[in-house]
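Letters are used for the chains, namely A, B, C and D, taken in the order the chains are written, and counting of residues starts over at 1 for each.
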Amino acid sequence: MTSLNEACGVFGIYSPSSVAVNQACFKGLYALQHRGQEGCGIAFNCDGVLSVTKDVGLVADVFAYPPELPVGTTTMAIAHTRYGTSGERSPENVQPLIFHHMLGSLALAHNGNLTNDTQLRRTLELKGSLFHSSSDTEVFAHILTSHRLVCQSLEDALSKTMDEVEGAYSLLVMNEDSLIAVRDPHGFRPLCLGKLEDGYVFASESCALDAVGAQFLRDIEPGEICIIDGKDGTIHSNTSHCKSVATSLCVFELIYFARPDSVIDTISVHEARIRSGAFLALEHPSQADVVIGVPDSGIDAAIGYSRQSGIPYGIGFIKNKYIGRTFIQPEQGERESTVRIKLNPISSTVRGKRVVLIDDSIVRGTTSKRIVRLLREAGAKEVHLRSSAPPFLFPCYYGTDIDSKKDLFACNHDHQSMETILGVDSLGFLTTDQVIKLSDHPGIGFCRACFTGEYPCPKEA
Amino acid sequence: MTSLNEACGVFGIYSPSSVAVNQACFKGLYALQHRGQEGCGIAFNCDGVLSVTKDVGLVADVFAYPPELPVGTTTMAIAHTRYGTSGERSPENVQPLIFHHMLGSLALAHNGNLTNDTQLRRTLELKGSLFHSSSDTEVFAHILTSHRLVCQSLEDALSKTMDEVEGAYSLLVMNEDSLIAVRDPHGFRPLCLGKLEDGYVFASESCALDAVGAQFLRDIEPGEICIIDGKDGTIHSNTSHCKSVATSLCVFELIYFARPDSVIDTISVHEARIRSGAFLALEHPSQADVVIGVPDSGIDAAIGYSRQSGIPYGIGFIKNKYIGRTFIQPEQGERESTVRIKLNPISSTVRGKRVVLIDDSIVRGTTSKRIVRLLREAGAKEVHLRSSAPPFLFPCYYGTDIDSKKDLFACNHDHQSMETILGVDSLGFLTTDQVIKLSDHPGIGFCRACFTGEYPCPKEA
Amino acid sequence: MTSLNEACGVFGIYSPSSVAVNQACFKGLYALQHRGQEGCGIAFNCDGVLSVTKDVGLVADVFAYPPELPVGTTTMAIAHTRYGTSGERSPENVQPLIFHHMLGSLALAHNGNLTNDTQLRRTLELKGSLFHSSSDTEVFAHILTSHRLVCQSLEDALSKTMDEVEGAYSLLVMNEDSLIAVRDPHGFRPLCLGKLEDGYVFASESCALDAVGAQFLRDIEPGEICIIDGKDGTIHSNTSHCKSVATSLCVFELIYFARPDSVIDTISVHEARIRSGAFLALEHPSQADVVIGVPDSGIDAAIGYSRQSGIPYGIGFIKNKYIGRTFIQPEQGERESTVRIKLNPISSTVRGKRVVLIDDSIVRGTTSKRIVRLLREAGAKEVHLRSSAPPFLFPCYYGTDIDSKKDLFACNHDHQSMETILGVDSLGFLTTDQVIKLSDHPGIGFCRACFTGEYPCPKEA
Amino acid sequence: MTSLNEACGVFGIYSPSSVAVNQACFKGLYALQHRGQEGCGIAFNCDGVLSVTKDVGLVADVFAYPPELPVGTTTMAIAHTRYGTSGERSPENVQPLIFHHMLGSLALAHNGNLTNDTQLRRTLELKGSLFHSSSDTEVFAHILTSHRLVCQSLEDALSKTMDEVEGAYSLLVMNEDSLIAVRDPHGFRPLCLGKLEDGYVFASESCALDAVGAQFLRDIEPGEICIIDGKDGTIHSNTSHCKSVATSLCVFELIYFARPDSVIDTISVHEARIRSGAFLALEHPSQADVVIGVPDSGIDAAIGYSRQSGIPYGIGFIKNKYIGRTFIQPEQGERESTVRIKLNPISSTVRGKRVVLIDDSIVRGTTSKRIVRLLREAGAKEVHLRSSAPPFLFPCYYGTDIDSKKDLFACNHDHQSMETILGVDSLGFLTTDQVIKLSDHPGIGFCRACFTGEYPCPKEA
């Protein structure tokens, strides 16, 4: 029930079969729809010619199934879902982006945010570069092109580009004859590789591999450039930027962004959430009759809390299945009642009971407050709110939309006033130390900057 | 994961405020979207003039929020969601229907199916009646009109109509100056009444009352005609057809059709499903490591099974949240892989485990078979399938789309061959006796004809 | 430049080839688009099953080319374009209408207006009939159905129906096994028959026969029922209602409604308009330098005036070719400037000249006034306005939208004040006697009721 | 009836009133729709921020009236209609284009074609420039930007850009604080300036000034840079590139492209066409009974021929008014009959007559051949075809789509075989010398390269 949003899901495929490419792009986008609902697109490589179909809207709005293919043989494609903020749903921001140059065309699909793009852009503009958008992806494309003019290969040009750009990027690049996945050395955003019978698939999350029937091979390593040759389907990796810095996977991928059926950097998202619930039960126990989760991403943690505490798990809310479809713009004074359309409590679960309520996080506090009130109206005797994320205290520069402290609930209230405002009997957050333990693989480093202010990669001035 | 479908949700409102009427219709339809995804519509009474807006598609496709109102004062409206079969998504079948006559206009929204409409229609046609559709609702309107010509009031005409028509109907009728809810004497389909600050709401399910902020008052009684006067908002009931026959609420409303947060004829749908799971655990116990449910309607029963058996509850599948939006028409040989787009197993829950899998029902068996296979591929060691409905053996004539025995899995296979075909280690169904106990209110009678062949109201020859 | 509108064009086809039926319907509708721009539809007879596709909008909005056909063999179809008034562009008024009955289904497409439909409808309603619309076509269908129940054939039922209904109707009827054209005994609206290589076509105007490559055979006679057998394509006529009354072709078909390339009841529309210009030159000569016409329907008459008078013909206005597409709703005070978007004067034709301006008619006077002002601004020294229709003084009951005297310019002003208001140097109308001579075939009778008040068929009280 | 197409119409406005800007853009585009039917767009300057709305389709498809404005004060806008070729109706080619740079944003709307853009582009790409399209307008923007980095003003940068680019460009440029019109020194494409009560308008043709109620001030001179200051609405011109070369207005603007009610470089298009008809009558007289023109652009010349020869003018064809709306894609073997939907002969004009038929030009010959056949079928005894353009023998590089000799009728056939193929009794073309005399202003120079091969500005190798 967070209103945090992240920029984008990416999907790429190489397969000798045009039909397979086409069907997989739709299914892959569909599986990654949760990573971005503002717009989506597919760039096809049809007999070496790049073209793109994209628009604002959900996958099912923009594409029929199967999507229309260019006439010819399409053996590669990259696809993108873009996250939805309220304001500027403009078509030119929808990816993949295509760029033309005498050295050939390039299509890019990007998840993440560069941190030094403003400075890079200024330098490029002073040399005469012209931009169509304010996108950092366009900056990446310009830097890449400047290197292509002097490099032997696109791989080399990408490697040089990685020397210059900083920040978060899980990026797919396609040109006339290759399909390339690039992940920044910190590995902020996920990216993985799957195997088809006769091809390969890249995707932001492994759930997209499942959706297209691909076998999970491995995660793309932070710093890796992974190249599929479009002529023969061979694959090789350039790891020259790997292990140059400590890895910093965004911990919020585990807590909220990713689908629970995905496995990211060897961590099962579902298990990580179960674990977060268990930690909450240890750190913030409560005397209660039932544990419920806020759908969808609080459910797993609620089960973890129940298992650890022994308090029975129950279903407290029904979420309207169709809510993804519409954009009700509530009128003045109507906002309160609108939450009911999305989320309706089941009275028989909570009436007369002491309820532990697990939410994935508390960002601005407004939604949590409304949900607590719904529970009270449905007859809950006590409400003990537990957040499976620590308090948000710092902006994120790596591809989410927490971009200032202004609206952050925890920045503006102490613990007791938070409890009062939310109307709960007790309130507990996961600790920043527990966050590190969400993975059972000790080697994985996390970015926790939004909780701690320790940025793996500083934002340029 | 059933592919059973039911005809329709209905929603009606009286309120002195045009804005309230308008917003409520959208929200009410939205809350009843699960009862019909083929099409939807709203008929407005604006200063005594009836008009309708309707089309094929989901609520969010057909209407913006708030819907456009006619110019003037709209104090009453009825709305309808229609269920989706694959074939004939034709606009003329979408309700509400409007009929014009010298005595005034009528709008009708109908959930259910008449059983003697063919015979009634023949009689009407012999007298010169002309039809625009093959809908039984149009037959109802003709019968009603013939009585209006000789009756004192619309209420009397409705009462006389109820003497003639047979079958299932939870029906809303609106004319120039009243809004009326009618429920057939068997009470096959649900219908309830809620109170707004300054008005009333009728809805198929109580979840729609919640969505519009109405307070649940009571169910409309089987056989009741409940009339709201459009001039002053007073309400009164005609109960002359009540208790004329035993009530027969469709048990499948509890098992599958209704939303778990609805309360129908005093039964919490959620609780009924928890109870079905508990019955299954008693009747068909199993040695297993985890209990999972097929989303969405198997989840509650899985929790019930877990509680009764002590086997831990887990989340076995993630359902794609956006699937309602699209209609992937899988191509030849692709069907197998398509289920993966909708439903993806969480390996960490089932790998190496003995799994109890709860589904709401098994109709044709094909979906269940694919889901079992997904679990096996995800590493489940054993799969014990439990169905919270008894085997389907007979067609339904009261508003669902089981209309022949031909495709019914249980009609064509014995128990052992069902297990083999489905690929399960064991298979268990709820018994027809347990079905009766899904309600904890002993007074409620159920229609179980699809399991037992005992029809409360026979289909005309 | 008239703002008079007429209800509808009709088109029907029998051909053994589904493709031919389909293509011809689109082309035929397209050729009849000028008769109605509000909506359009096609009813197909596919293997004896009637279905309809229709919507508000122009032909090119509603249909792709070729239109989608039902699956099967379609050998008959009827199609309709509906005229556009500003207000109620509701989908249910769009034709063809389809009605179902135990005796079979019927599709109807109607041009004209019944004059006793209110009375007939009341009688039907007292017998229990129920209506979906306020359309007189639905009344026709009910009467027809009541006769079908007792008649031997659809032909007999149609004949009996013609005994009852009064007014204007050029009507196409299609059922499971025949395609029938019916024209009222007065012959208010045109209807003709054409021959394809292996089939037949009915159309409101002969230009639609040309558009589909059909050879013009003859006009359907006033009072005729012309029946094509859907099984073998044979054709026969029932003429029992022919010559029962004097014919009264709407003279405004020649002056304004019909396309100039059509031939109606043996009269070339183009020639009739040339002739009207010549009559105007004889009746209202003027000393002038150039004769121009208001596009499109004043052009022919301007050529006639030029030929008769010897004053050179010129092109005075360019009409925006794309104007059919849009519905600019001018805001307050903007109306004056909007006419310029549609019609722009060519200064070089009129600057410093005495101009004879021919318009087809003057209904409310507002458009004429604006056009005269445009000419003045473009430098015209004198403007002599000539109308190829007499002054409108009476409402029309036969299918046009002159339904009251209230707005009629000539009803409210004497000749001199009309000249003053319009800003012209002289004003001249065709006389009601000349109207009769627009045809060079002495046998044709005309309806001139809107000019004379002599109604061939009175409107029921 | 030519199938020649030209690239685009441009329209720009400065006015202190947002509403005026908005309404005028729609009306201006509408008046220039004939110059491009593939797509259209409007770029607004709202409080110094540039944004664009554009899409493929006609003006009425892309915009409602009035178009939606950005929120704020919009005092400047540029708009564009793009010509339609069959193939690539891709949205990214639709103009205006917007470019972003640290020096500010730029919007461009371009009519014409550069002749050295390939070479310029190569140079830019070697310096690292990246392109989004294959458009020469994007090349112009890059050159312009490179100069802005070192120039004092946008005016200076434009002037330097004009030193580099060659070919045809009537271009509107808008940035944060000015609106600029630029016309290439040859003046291939028209561009004019009009005055509003409190603002200015630029347009490709004067008919667009009429449509928005602007007063024609003057043509933009070949080589002129005309700048409106967005702050105070003052206007000034930079004429440093004027008179650097002889002017070469595309003669086909007069013969075919422009609307007859436009005045271009002081020449009335209507008068020029009348004159072409008179020249044809002198050069290619014929013994005939009637002169008719192929609508729309042959009509004026037919009147000119009639006046000069004394042979009566008649209307030979009716053009379907709605044809602009649709894109019938005729199937195999159907092409012949499709012309009838667009153009239908009036038999009474031509039957038994010797007909002079005037068309604007003969490009591939296929359409002319079909039109002649229609006349024969309608009964014409003789057909004498006259073309108001000389034979096309050379490709055009300045913004039309004659880009090779391959399909040009006159390149592949001698005079006699052209007559035989077209099925005419005689054939006559305007001479290349007469073309020069279409203007009565001796100072105007014309580009006649497509007839003579003498290119004012050569195409780069």
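The rule is short, and it goes like this: a residue touches a chain if its C-beta (ideal position, glycine included) is under 8 Å from a C-beta of that chain, and two chains touch if they have at least 3 such contacts.
Just so you know, these numbers come straight off a predicted model, no measurement behind them.
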Shortest chain-hopping distance from subunit B out to subunit D: 2
Return the chain whose centre of C-alpha atoms lies at maximal distance from the corresponding centre of subunit D. B
Chain-centre distance (mean CA atoms) for subunit A and subunit D, in whole Å, is 49
When the centre of a chain is set as the mean of its C-alpha atoms, what distance in Å lies between subunit C and subunit D? 36
Cα centroid separation between subunit A and subunit C, in whole Å? 61
Would you please write down the residue numbers of subunit B that are in contact with two or more other chains? none
So with touch defined the way it is at the top, what topology do the chains form here? Options are line, ring, star, complete, other. ring
Every chain pair meeting the contact rule: A-B, A-D, B-C, C-D
Quick check: in the complex, which residue numbers of subunit A touch subunit B? 23, 26-27, 30-31, 33-34, 58-61, 65-66, 207, 210-213, 259-261, 263, 268, 270-271, 296, 299-300, 303, 307, 312-315, 317-318, 320-322, 324-329, 331, 334, 337, 340-341, 344-349
Using the touch rule from the top, collect the residues of subunit D that touch subunit A in their complex. 91, 98-103, 121-122, 124-134, 141-142, 145-146, 149
